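In the two complexes that follow, chain A is the common piece, with chain B as its partner first and chain C second.
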Partner chain A sequence: MTTEGLRFPNGTTVVIAVFLIALPCILPSLTLASEILVLATGALSCTLLLGSVGLLSFGQGLYFGLGAYVSAILIRDFEMSALAATIAASLAGCLLAAAAGLLIVRRQGVYFVMLTLAFAQMGFFLALAFPRLTGGENGFGNVPRTAIAFGQFALSNPLLLYVFLAILSFAAFALVQRIVASPFGSVLNSIRYNESRSEALGYDARRFKLAAVTMAGGIAALAGAMNTLMLNFVPLSAIDVETSERLLIASLIGGVGSPLGALIGASVLSAMSDFLSPIWPRWSMVVALLLIVTVLFLRDGLLGLGGVLRRQGKEMPNG
Partner chain B sequence: MRNRREILAAAAVGIATPSLLRRAWAQQDAIEIGSLVSLSGTFANIGEQVDIGSKIAIDHYKTAAGRPLRYVQLDDQGDPGRAVRLTQDAIRDRGIRFFMNCTNSAIALAVAKEVASSGGVYINQAGADEMTGTLCNKNTFRWPVATYSAVNTTVRPFMKQFPDAKKWYTITGQYVFGDSLLKNLKDVLGELGGQHVGNSYHSLSDREYSGFITAAIAAQPDVLCICNFGSQTTDVLRQAVSFGMKRNTKIVVVWSTGLDQFQSLGPDICEGVYFGANYWHGVDAPGNRLLTGVIKDKLKVTPSYLLTAGWACTQATVEALNKAGSAEVPAVIKAFETLSYEGPTGLEKVRAEDHQVLKDYYLLLGKPKAKMLDKDDYVDVISAQKAFLPPDKTGCKL
Partner chain C sequence: MSAQVLIFGALNGVGIGMIYFILSVGLTMIFGLMQFVNFAHGAFYMVSAYAAFAIAQWTGSVLPALLISPLLAAAFALASERLLLQRTYSLPHEAQILITFALAILAQESVTMIFGTLGKNVPVPEIFSGVVIFGGFVYPSYRLFVVGIAVAVALAMWLAIERTRFGAMVRAAAENAEMMGLLGFDSRKVFMAAFAFGGALAGLAGALAAPLRGVEPLMGREALAIAFVVVILGGLGSFSGALLAALLIGITQSLMSMIWPGGAHLMIYGVMTMILAFRPTGLMGRS
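Up next, the complex of A and B:
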């Protein structure tokens, strides 16, 4: 993600807002649109880490799962409103990410990746080991459709649920845009380009990376809480490694150069799973192929497709 | 002369008409039944078989309550979240009220809640006791037996046959289903004077069990009891046999999927092993004769448990619709609660108190290859029994 020439709000903010408004009109189902929002918000946490600081995390599913469980427990057992539970879940995600981050950011490159993966695996097995708290492999059920806040605006209305999820998602996107456009974002970007040189300039790279990991954890947890609101249920799969992979794949396919990439990647991935699976049960091969093509030829993801085509057009001989 | 707008409008109507008619016909005439099956993802091998079984049943019965049936396949990709989402869509966008099938308990429990809150009817093959226990609901029914029944109908007849086999060692999947099997087994052993000499837990992701098996051998039990499900059962059994445990220990697999598992293990491994199963194709019952006849006619194969599970849920739904004489949900639930029909395991009844289908569970004994009458004749049926927790002890409050 580059900060050059970035302001907040900018054109991308408007595009994201329009996209969120248009999504339920374009798609045949409101629930599919809601699923895209959840996945896009989760993928945004990967985009923030990879695009801003160059940190590849295979463990965002841990925070996603934590957010899902925390919000579900607060809504079901403590009768909290959706808004309060969502905020609490995001804070829980931040806290866990900060705690894990203290260890993770000590390492770089492949060791960083392996540590994120190890934490994600640990989270999955903890969820499995405490079935009384999480429901184990049966999942955490009986989460009621609560109201947004103060007993008002019950989320049993699917359109209202979508609107609420869209607002939360937009808030996350706006936050990431704001971060990227801030001086803090510039430092993150400089760490991504050259960590040693940034430290030589006096920036404590570890602290900046820790802050980014913490914020990304909070965003992933927010996505988990949104998932709970959508499903009224937390499947064990919310915290498994496959969820981490899915978030990362969505962000890579869309492109980590802009928050918009997470939205595009999530839309493509969810729509493919919805439309292709009835036609061909082995549809995941298409996703794998798309990922290969993206990594090999579209380093900026689908978001950079226009640029690649334009460059190719210019390189073609006249006539 | 008609202007361009009129022509475009007429064309639009022309294009839209078939879909409008389809929708209108779907809503007014046919009864649509949503089938939650995992056709992609981790559980695709299960989902495909259940899907085929249900499709064949729909094709066989064709109508219910005097209306044509339509099968609506919902590929949940093995993900409970997606299953819930597809159910919401099917209810909201297509007006579907009848649902069946699942490929794991998490999917069934999640879908059951969704269907109940939308006022539909759902019958599934979940293994989790909670389905007809603490998480039961008025709109959901379950065809296979609970872990209590599986343990009681396998361990009791086994111990009756081998009263000296007192020392039991268990290898258990460390998940809710495995723990339920283990708890019930300990209860039965305690009651019948058996001794539980040790247990090894394995996780949901384990594929290699040699450490657990050597621990079992070291405990010198009379019986090795395997309390897990699916491919993990197959792997544990295969490795236990390759470690020579069959020579001086009896092996009991409390929960097996029957024929498909035996085919994957082969007769040499199955020989002498005791299996618990929800279904066996060799059982002589009118409902099973019908099922095996139709499956052999259409697919040229012997029905496995998974095919049968798909068939059984469809059959129960059809029987309930016919008994109700309408597709009104309250009437169908009422019909379900007093339903009694010739199913794949003989006479099957639905218990109104917890919505459990009361059916036989089998104790099977793997036979030598030389004694197999045909390629699918892997086992002898040792016992066929019904044993269910009393309704007041299931924890189900409808």
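Up next, the complex of A and C:
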């Protein structure tokens, strides 16, 4: 991430808070606003990995899906409250990411990217192979609208649901900002710029990467749990590779230079999906073209649009 | 389960594995040569399988597709290299991955636009619709044909790379493209040829696989993940590693589909995880 704005809380924190409050007022439906929150939180996990450590993950959908299933099972079969289920799902995401991360971070560069995709695919086939647990292709249904905690604040009220999701989402954004601003975040940043030099300085790059992968897994799982709260249902698509790709695309389009990028990317992508898909079912083509333009011309995503217009694009640091 | 069933399953797995090998070897070659990661490789496979479907519809047989589909895939690969991908050679790997990934989405959406979202069957060519009986074993003759083609392709490729002038140029370009340019060879042309060749191989895999598994828009995605498993285990740029890994996961998939059909694909990734747990750098031990 850029060196300016490395404090927490800072102006970006305020902008994110205002954005979350303004979203339901600007948008035509509360559902769309909630969708944006879920996508933004999931995309944030990609932003954390790519923006701070320079790790490209095609597999965050695995943890998103895990979080979705774990929270759904806890709420439906163990009658847990929404808050407890969400926290448990996030921890489960951390655990799985730490376990998968042990194998993934041992390989660098291209292998890392391929492994994230392979593990995401494995998660999909896992969900498909155990339909008794996940509902298989039919999805995991009949998740009741529970209360947030202690039987208070029933989430059947759509505005309350949005507020709860917004608070969870804000917590994730604040956490990422806090991580990036910490000394730990500086080490991550140094690994992104020059991994071998960081190692020469005495930092064990693998352990730092593993820690980042673990946190990103927890955040993606949080987004999955938020998805369950929103839908009362877990479709099989929650864990497929396409979900991983959507999270990554949202973070890239917005720009990985700041957590704010995840929010912007998710808003643009969700709005496009909402407005374009009824008109043209193959609207993903537009997304693909936008992705090409972003990578070739807007290396800081839409967030960096102003900067690009002002001056020539600067070099990508992790080259 | 009798030994005969097991052997039959293993033989089937060899057929699947050989298709995985042809699919992956193009990916591994393009990387070995150009350090280029092609996320559109699965799209070449998918487009070619759909071409095979269309050809089978028009001519009544999928056989001509075995020649035409790879050519189409090569043309597709070449066109995308000239129009888009060559601009990314100087960019970091991440940018190449994302551009080729976007290309794969474009291909998948285009195919869906033309052929629809539903999967379609491709009939096995009539000459190979029977079975071959040797010893006590019954084996579908189309699968035997697939194995035969794949072995021929593997041999031809090995000969082409190790024994011909073009192969020497490819190896030289992989070693040091800049030096090769200084010696008066056009490394761009070698790259273009390699891209076309890699595309053609993915195309051949797609055309061969079409009668076995049918065609559907998401097959490219699935194939890309399989090809990744093969190169993760076999090592990027390694032919023998790709062959070994492809056969291993092909046989795993085939045997598992008899024991636990729902988990056949899962076990491909299960095997990958187990191998990585004990050999972090894959079967051939190089990183």
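What we mean here is this: the second predicted complex is superposed on the first by the 308 of 319 C-alpha atoms of A that agree within 3 Å, B and C clash if a C-alpha of one lies under 4 Å from a C-alpha of the other, contacts with A are read in each partner's own complex, and residues count from 1 in each chain.
Here, a residue touches a chain if its C-beta (ideal position, glycine included) is under 8 Å from a C-beta of that chain, and two chains touch if they have at least 3 such contacts.
Just so you know, these numbers come straight off a predicted model, no measurement behind them.
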Room on chain A for both chain B and chain C (clash or fit): clash
First (chain B), second (chain C), both or neither touched by A:231: first
Which superposed partner A:194 touches (first chain B, second chain C, both, neither): neither
First, second, both or neither for A:10, with chain B first and chain C second: neither
Partner chain(s) touched by A:284 [first = chain B, second = chain C, both, neither]: both
First (chain B), second (chain C), both or neither touched by A:125: both
Partner chain in contact with A:117 - chain B first, chain C second, else both or neither: second
Contacts of A:157 with chain B and chain C, given as first, second, both or neither: neither
Superposition clash, chain C versus chain B, among 116-124, 152-160 or 278-286: 116-124
Overlap of chain C and chain B interfaces on chain A (superposed complexes): 125, 128-129, 131, 282, 284
Residue ranges of chain B in contact with chain A within the complex: 39-41, 44, 48, 73, 75, 77, 79-82, 84-85, 88-89, 92-93, 104-106, 109-110, 113-114, 128, 130, 135, 174-177, 179, 203-204
Residues of chain A that touch chain C when the two form their complex: 50, 54, 56, 103, 106-111, 113-115, 117-119, 121-122, 125-126, 128-129, 131, 241-242, 245, 252, 282, 284-285, 287-289, 291-292, 295-296, 316, 318-319
Footprint of chain A on chain C - complex, ascending: 31, 37, 84, 87-88, 91-95, 97-99, 101-103, 105-106, 108-110, 112-113, 221-222, 224-225, 228-229, 231-232, 236, 260, 262-263, 265-266, 269-270, 272-273, 276-277, 280-281, 287
Residue numbers on chain A that touch chain B, as the complex places them: 28-32, 35, 125, 128-129, 131, 136-139, 141-142, 158, 227, 230-233, 235-238, 273, 277-278, 281-284
